[in-house]
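Since the structure comes first, as structure tokens, the remarks are kept for the end.
The first chain written gets the first letter, and so on, giving A, B, C and D; residue counts start at 1 in each chain.
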Amino acid sequence: MVSIALFGAGRIGQVHADNLLSIPDITLSALADPVASEARESLLARSGASLREPEAIFSDPDIDAYVIASPTDTHARFLHLAARTGKPVFCEKPVSLEFAQVVETARIIQHAGSPVMLGFQRRYDPEFMQLRQSIASGEAGRAQHIVMHTRDPAPPPLAYIQSSGGLFRDQAIHDFDMTRYLLDEEIVSVSATGACLIDPAIGAAGDIDTAMITLRASSGRLVQMINARHAAFGYDQRLEVVCERAVFTIRNHPATQIVRADAQGFLTAPPVSNFITRFASAYRAEMKAFHAMIVSGVKPLATMQDGVEAQRLAEAALLSMQENRPVSVRELG
Amino acid sequence: MVSIALFGAGRIGQVHADNLLSIPDITLSALADPVASEARESLLARSGASLREPEAIFSDPDIDAYVIASPTDTHARFLHLAARTGKPVFCEKPVSLEFAQVVETARIIQHAGSPVMLGFQRRYDPEFMQLRQSIASGEAGRAQHIVMHTRDPAPPPLAYIQSSGGLFRDQAIHDFDMTRYLLDEEIVSVSATGACLIDPAIGAAGDIDTAMITLRASSGRLVQMINARHAAFGYDQRLEVVCERAVFTIRNHPATQIVRADAQGFLTAPPVSNFITRFASAYRAEMKAFHAMIVSGVKPLATMQDGVEAQRLAEAALLSMQENRPVSVRELG
Amino acid sequence: MVSIALFGAGRIGQVHADNLLSIPDITLSALADPVASEARESLLARSGASLREPEAIFSDPDIDAYVIASPTDTHARFLHLAARTGKPVFCEKPVSLEFAQVVETARIIQHAGSPVMLGFQRRYDPEFMQLRQSIASGEAGRAQHIVMHTRDPAPPPLAYIQSSGGLFRDQAIHDFDMTRYLLDEEIVSVSATGACLIDPAIGAAGDIDTAMITLRASSGRLVQMINARHAAFGYDQRLEVVCERAVFTIRNHPATQIVRADAQGFLTAPPVSNFITRFASAYRAEMKAFHAMIVSGVKPLATMQDGVEAQRLAEAALLSMQENRPVSVRELG
Amino acid sequence: MVSIALFGAGRIGQVHADNLLSIPDITLSALADPVASEARESLLARSGASLREPEAIFSDPDIDAYVIASPTDTHARFLHLAARTGKPVFCEKPVSLEFAQVVETARIIQHAGSPVMLGFQRRYDPEFMQLRQSIASGEAGRAQHIVMHTRDPAPPPLAYIQSSGGLFRDQAIHDFDMTRYLLDEEIVSVSATGACLIDPAIGAAGDIDTAMITLRASSGRLVQMINARHAAFGYDQRLEVVCERAVFTIRNHPATQIVRADAQGFLTAPPVSNFITRFASAYRAEMKAFHAMIVSGVKPLATMQDGVEAQRLAEAALLSMQENRPVSVRELG
């Protein structure tokens, strides 16, 4: 049995916990979460884990691996502590809202040689995996450009917005990562336009709620991202990849297959409600892959370096918007 | 130039007239319609045709062909008169509501050797033609069974119902014909169940408004028809053909490609409003084919005999419903 | 904790076991299955259940309820044994292939007063439940007719066909049940047409592989069923309910939301592969409902009587096909 | 009868001619086209027009209006000649590939007071018209951002590319215009990224084949354009408008409603083949509107000034790409 410690019993921590519990070979033995809550107690009850302090967890030789799903501002510290043990770590993104700290943490991890999987769950989504494979196979010729739509069902609470690092670092980060995952090459320049069109309170908090981001890859290929904090029909996460001989699309996942037809037309269901439901199978596959990484050393699809690169693009987008000019990614170090 | 005489300036007569006028080689030289109406005057004005009596038309040597789109109870008489001239005739279905008269008229026509095209326009619909070709090619293996849906956007006026011959002879006739067209073989037995579920007035008039009809072809293959006088979303005319290695479907034609999405879901347009709009290109192709029949003797896709056979199935369905038993088509002579 | 004994470690037994294990309040304490297999051992290992004889299970006072997922020919006997205990039972359909035995077993159960839930899982499918609610609410007016398609991805093995009781009792039984569930009224007559069009071996085994079945409800409303043992694109389970002011459709569930578009057109995914995947959430809800029945006495959506009535319709369909005539359901006792 | 002279018997001239001929009140009396061709002779034959020199046409008092569909480099001269007559003119876009000449011609036309309709046919497309009306009605709240896709089924011939003025002025011009039409406000800044990813020959000719263009309207609203010279599935012209309470999409128009389903999935038809077929009804409506402008003075939906503004955006996009920076539209005069 593999003994795992979990940091954080919040929404995403609960998702990881349940996915870990469904793997027969895994025991969730410890949970670190300083805030008492019904969710925390429920997790303790159903997992049999004991509530412990982070320091105690990192010094416990019986724990085999760590899953970090605590608030962002704790990630770097926990990663540093984990690095000293050399044990496998799964860490939710982002590593830090400070890009310099992300780079520094990646350096420490690399030096320590710890195996780290980063929480870019879309890389484990069956449809994204199949799409990546289709592109890589070349069966449809070369991928020429990509268009991605990501819109939230509703803006997050203002308090979240204020501590999120902004739309580029918080929401668009997954799309930046997908770009590199699907094209399998680095982005060299970023041109971002942002606006506050949905809720003036977001603008007052110094953030934007709508962004158009154009990326150019090192081979010249283009990616267009459309990001917004709201879509009237709910969670919108689509993308299309234009290849020489085919165009691949991943559509939204409808909540049901019921159609209601009347004189107004045919009404089909809105998408599943949020990224947790949309990517449920990706989250499951992610924990299975983490297990495979622990027991067999299988390399993860998302590494610390992927986190660094995605965040570099977010920083470049922010700079591009602030200075109203295309930004070369090399400017970000 | 081919000189054509048209009988009937009603809805379908107008459709044929406009399609004839769009063929450069055709002149619409005469119109017979005893009832003065704005529609008749408009047709005379835009076609340059002169209003004449049927007898005068049939004795005019300068007229090359006839298009009969007058009320059903005149079809047989006009066909008989046309037969004497030996000139090409297009006649709307049905030839008569009396099956015996249909058979007799077919016999007369055959004896006269007149080339007659019958108004089963679906046979000229580009999608039905392509589907028939797909089936006949055998690329998907043998067709095993067919399911057809035909629902009107709304029941016709009660006066129409009363003189229509009933749902089987009036509406379902096109589906009976499609069965033979697509399977390219004869039907040997019919089992029909009818009900009045939409409007009690239809039942009071002695007709049904909903029917389920099961057909068995001579090779044993099955066809299921679903017919109704109403669908809340409008004109519903779909069909699926289950072959060994593929299932072919012809879907409804949406009126627009606009989608409106909100928290309720995705609302797409209802189908085009009725059979005239749905089969507009079929009607155009039909008149082009009639022209080809006149000038080059190209055999029509729908003959008098097709009219006889489709109506025989309607009679069999009626008998099946009345006697609450499957009916062998041979019983109908 | 509720202690449950499971009979049968086959495909459907495994599904029920996993769904039971995911309910925190339930322990799977005993398994009866006389045939050693890897699947049986795996189930024993992951559930912690002990392998026992049926008789021992039925006499064990510590077991709270029974889940019967063993071969059909054992259902009646296990139900009789369970009835003596008065404890809650879940039993897969059909109760027996012999209609008389179904009726007799239902009588025994009723006399014993045992709470029995029957395995018509579609009644617990979220989409079917929502559809039933939409119909019952009357918001779209009265339901007038229903069209159901059920086609298997491929015919079952011939050995299965031979012991299945035939297409009506085996496959169409779910559709017969859905009819009663959705219309919430009894069927009074059945007209069935069958054919062997897919695989001659099925015909040689005395069964059909394609059927068109027309049902008339006591209020006169119609249901059309289209059933086949094969669809080239995979598992096909759709239905449409025509109401006065709306038409409701439940479409197939696509396996993915990936679209591949090229000069041939847009290729979307086939449906999920079989009824086990299509109705996965229905099976989960079913076991949750069984738990609610055990602990709170919540009435099941599918009772022994529902099993009797669905099977009566299957018997009527068989008789209709054999005697080539519509059959009044009252003829079946 | 309204007597119209047509300039140009090429592809789009033929479309306009047939649409004019279908309007009963219109006579196509003169055609100017210096290049003998089968198409020109066919048009003369079916329209009854006489072949004449432009100068003779502009001095003929019996001609009521002009339709200019000749090569782009003749537009300005013909517009200048037409302006002297004060008669109504329809002119295909663009007025000129030289922006200064467009501005100058618009000034001349305005001074002359000639009524001019410009050939932005999408403004007359029933779906775009309905969409504009939906936005303007405010029923779904304010439009926040727009995403447009325009991809050609295949790159035009290289000779065309070389004289086209480039992707921005040639293809994207319609999208620039749609932006202003749908948002009903001016664009203030343009940020364009271009690349040659489809055919190196296009790059060698000094053009791009793929572009991502971000526009900001004066109120701050954003528009994202995705333009390419190729899509594997054919002509791709879609757009979505994100409003506060709804998202409107205009999808491609499938060539047929036939679906072929097999183990690979469901294959639906590619879009209609090109902009001529996609916008057939828009072209018809355009000529009807031109007729209404001639006889009743109805203002056109597309004016010379709309041509100037769309082209200004094309120039801004070109400058943005060339100088790798966002461009303020005011820079373009």
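Basically, a residue touches a chain if its C-beta (ideal position, glycine included) is under 8 Å from a C-beta of that chain, and two chains touch if they have at least 3 such contacts.
Here the structure is a predicted model, which is why all the values come from computation and not from measurement.
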Inset, instruction - Average the CA atoms of each chain to get its centre, and name the chain whose centre is farthest from that of chain B. - result: A
Legend entry - A-C compared against A-D, more contacting pairs: A-D
Inset, instruction - Report the inter-chain centroid distance for chain A and chain D in whole angstrom, where each centroid is the mean of the CA atoms. - result: 42
Legend entry - Centroid spacing, where centroids are CA-atom means, of chain C and chain D in whole angstrom: 58
Legend entry - Junction residues of chain B - those touching two or more other chains: 140, 231-233, 245-247, 261-262
Inset, instruction - Using the touch rule from the top, collect the residues of chain B that touch chain D in their complex. - result: 24, 46, 126-127, 130-131, 134, 140, 245-253, 256-262
Inset, instruction - Over in the complex, which chain D residues touch chain C? Could you list them? - result: 231-234, 254, 261-270
Inset, instruction - Note which residues of chain B are touching chain C in the complex, please. - result: 140, 144-145, 147, 149, 151, 191, 193, 195-198, 210, 212, 214, 216, 220-222, 224, 226, 228, 231-233, 236, 242-247, 324-326
